[in-house]
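Worksheet: one structure, shown below.
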């Protein structure tokens, strides 16, 4: 495919580096029980606070747990929240954007005002407040029990959705008004055919760009919420809680406790950012994806 | 003819390409006398704008002058320092461009943009600069200039913007004005007005003008002399009346047939077959040979020299 | 123009009204009613009814919201059921602390971000532009709270240049005040420096390629002046982004305050959560939302005011 050839040629090494980081991190998260050298929650008093060595590459924490294993397992929460929130946000946002662009009139107005309203919500404050109100306990739906992170994923996903709604709306409005689409309607094409055949493929580039960059933001949000104790609950490992625990080690010599989880977050986020930028340069020359700030 | 004001000698301009330098202007040679109006005519890609940007030393990062000299008033501009060029630009030589829409800064008032030129070259007070700006705007035919100083470019029509640009250009009374397709982006009726304005300025201010255009008839209205460019070279050069009535280079003749005259009867329009040569793929011989109805074997092999014939010069093996 | 400003302003107020309604509903969605929380598990149902009646909690939901909102607009955030303290007073005590960190971070981000971005735009392929590109990716990716932790470790613990945390109000000495908020503000600013530097670089680079820049050069204007004029055209999107950033900064300041142990709104909010003090929580979150909405409004208006085309057509 032409695009793939262009991808291979045009993406400079930073894009490939980003892609490599993302693949490694997702791989580590999926295969955590296989690749982690130790049980991430196994306490071992005699090995507590040991510096990085051959047995524990990244050292151990106050409870003697292996830092490397905790980081590998911690990738699960971070990536699950980041990617999960983006999927939820994309589904909600794309539907809203398509609906508004098609419906026009009052339906359009109402939908896009709701989107504006959701976009007026400061994400982090609300995430902290709502988890605070609902409590950090697990969520039970029927016989299924979900960890606390489900609330964060859902919430962050909802608050990510305006980004997708606006991109989809802008592209869809342009396409629905284009002459060749009007011509296809005259030939008897249905709304669904136009939406799936013309609009979505055209929205795809900016959506992929935004999605990649939003995963990065989602990861930092998860780490931040866990850092203040409202995200992943101990003893389950997460990068944010590891950093929170590491604050106790700031004045003593255990440098590895604050350093490695932070590097894990930064490298993962760098990976998604580099990949997102490369995808933007490649697929979105018109720059329909707006600058993201969080 | 008196000593030329501007003398372009063997000027060469090249782009930095992936495979080294790609020559786009390949030895251009002509002069402009004080007060003379010279038209440069050619299709896009003939190197006409590029040579003038080289004269102004405004080529930007991707292209540069690789050879020749540009003598203005006895001074080689290609060897001048950037600081010296800044003095010359706007004060001695000014240039206006094709698109008046984008050539004015949208964030600044017209008055600000004209007074800036004045104050860049003359130590005058703000009120004096304003007075000079009003005078320049009035001279280019903008009525109620004093009131319009505070207008923004978007409040002007296309023709007015081009007038404002010309006002900026003449505010410091330069001796040479280079107008790079100043009418191309304008309505036909406005085009004639701008052409008329330039003719008027030349008469009143004794300004020498280089008028770049792809429209031979439009140029012939006001210029003294026409320089025809093709493939980065001058192919014909002579008094406007001679070129208009009796062009000798086959390219000029075809070019003349392509564009309807503003005044003459509307005959059938011709089109030149084929496309201009691509940069970096210049033929060894005459660049026009592949499209030329008169081309012979000699034309393909060797570039004809620019031969002088009275007041005219022509580069063709088989002139008519 | 004035009509437009007024229109946007009232639209923002409308948004705030509905978002506040959602917030009001959510604070009541948690486990345990306020009466239960205040009176304890063994309160009788009669006591609960009495409490709810006394505090207006038995009135219809919308009426409660309207009453609360009306009070808030007059600066009265209510009295906490849990601590009995005035919520407005609690917020007034903590807000200046958060504000001083955010404002310093905002100033740093704007000055450094626009400065770096402009320098990088002047020589697009140059070494400074390359370094900036690398720095921007790092700045966008390193979480502020981790940066704060690292700063504490090196600047405060190893080098002992600055205190590792805590807060000194400006009234107790400006130098001591700045010493306590310097590291938090820098940690908070780094991400926004990267955001603004990238936007400035892209926007200015674009502007410098403009035809009017060529015109200015053809008229012999000096380079600094040309760059300044290009910047006039390049800045509106940057300032728009800066205004948006101001709104977002408050959110991240919550986390930063935790790292540096600063008694700002973050501590008040987490206290409200742990004590299930809904009125306080509601007040703080509403305040943050209002700031955020106003920052968005500001970003929108800044664009219109700075662009002469929109200024006169509106």
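So that you can tell them apart, the chains are marked A, B and C in the order they are listed, and the count of residues begins at 1 in each.
Keep in mind that, in the parts below, contacts are C-beta pairs under 8 Å (C-beta built on N, C-alpha and C of every residue); 3 or more make two chains touch, one makes a residue touch a chain.
All values reported here derive from a predicted model rather than from experimental measurement.
Student: Drawing the touching chains as a network, do you get a line, a ring, a star, a complete graph or other?
Tutor: Topology of touching chains reads as a line.
Student: Decide which interface, B-C or A-C, involves more C-beta pairs in contact, and give its chain pair.
Tutor: A-C
Student: Report the inter-chain centroid distance for subunit A and subunit B in whole angstrom, where each centroid is the mean of the CA atoms.
Tutor: Chain centroid spacing, subunit A to subunit B, equals 55 Å.
Student: Mind checking the centre-to-centre distance between subunit A and subunit C? Centres are C-alpha means, answer in whole Å.
Tutor: Taking the mean C-alpha position of each chain, the two centres sit 22 Å apart.
Student: Roughly how far is subunit B from subunit C, going centre to centre by Cα mean, in whole Å?
Tutor: Their C-alpha centroids are separated by 54 Å.
Student: Which residues of subunit A touch subunit C once you look at their complex with the stated criterion?
Tutor: The contact residues of subunit A facing subunit C are 14, 116-117, 119-126, 128-130, 132-135, 216, 220, 223-224, 227-228, 230, 243, 246-247, 250-251, 255, 258-259, 261-262, 265-266, 269-270, 273-274, 277, 291, 293-294.
Student: Within the complex, which stretch of subunit C touches subunit B?
Tutor: Counting only subunit C, the residues touching subunit B are 210-212, 214-222, 225, 229, 232-233, 307-309, 312.
Student: For subunit C, which residues are in contact with subunit A within the complex?
Tutor: 12, 15-16, 18-19, 23, 26-27, 29-31, 137-138, 140-143, 145-146, 149-150, 152-153, 157, 164, 192, 195, 198-199, 241, 244-245, 247-248, 250-252, 254-255, 258-259, 266, 269-270, 272-273, 278, 281, 284-285, 288-289, 291-293, 296
Student: Would you tell me which residues of subunit B are touching subunit C in their complex?
Tutor: Residues 56, 58, 86-91, 94-97, 99, 102-108, 116-117, 120-121, 152, 154-155, 165, 168-169.
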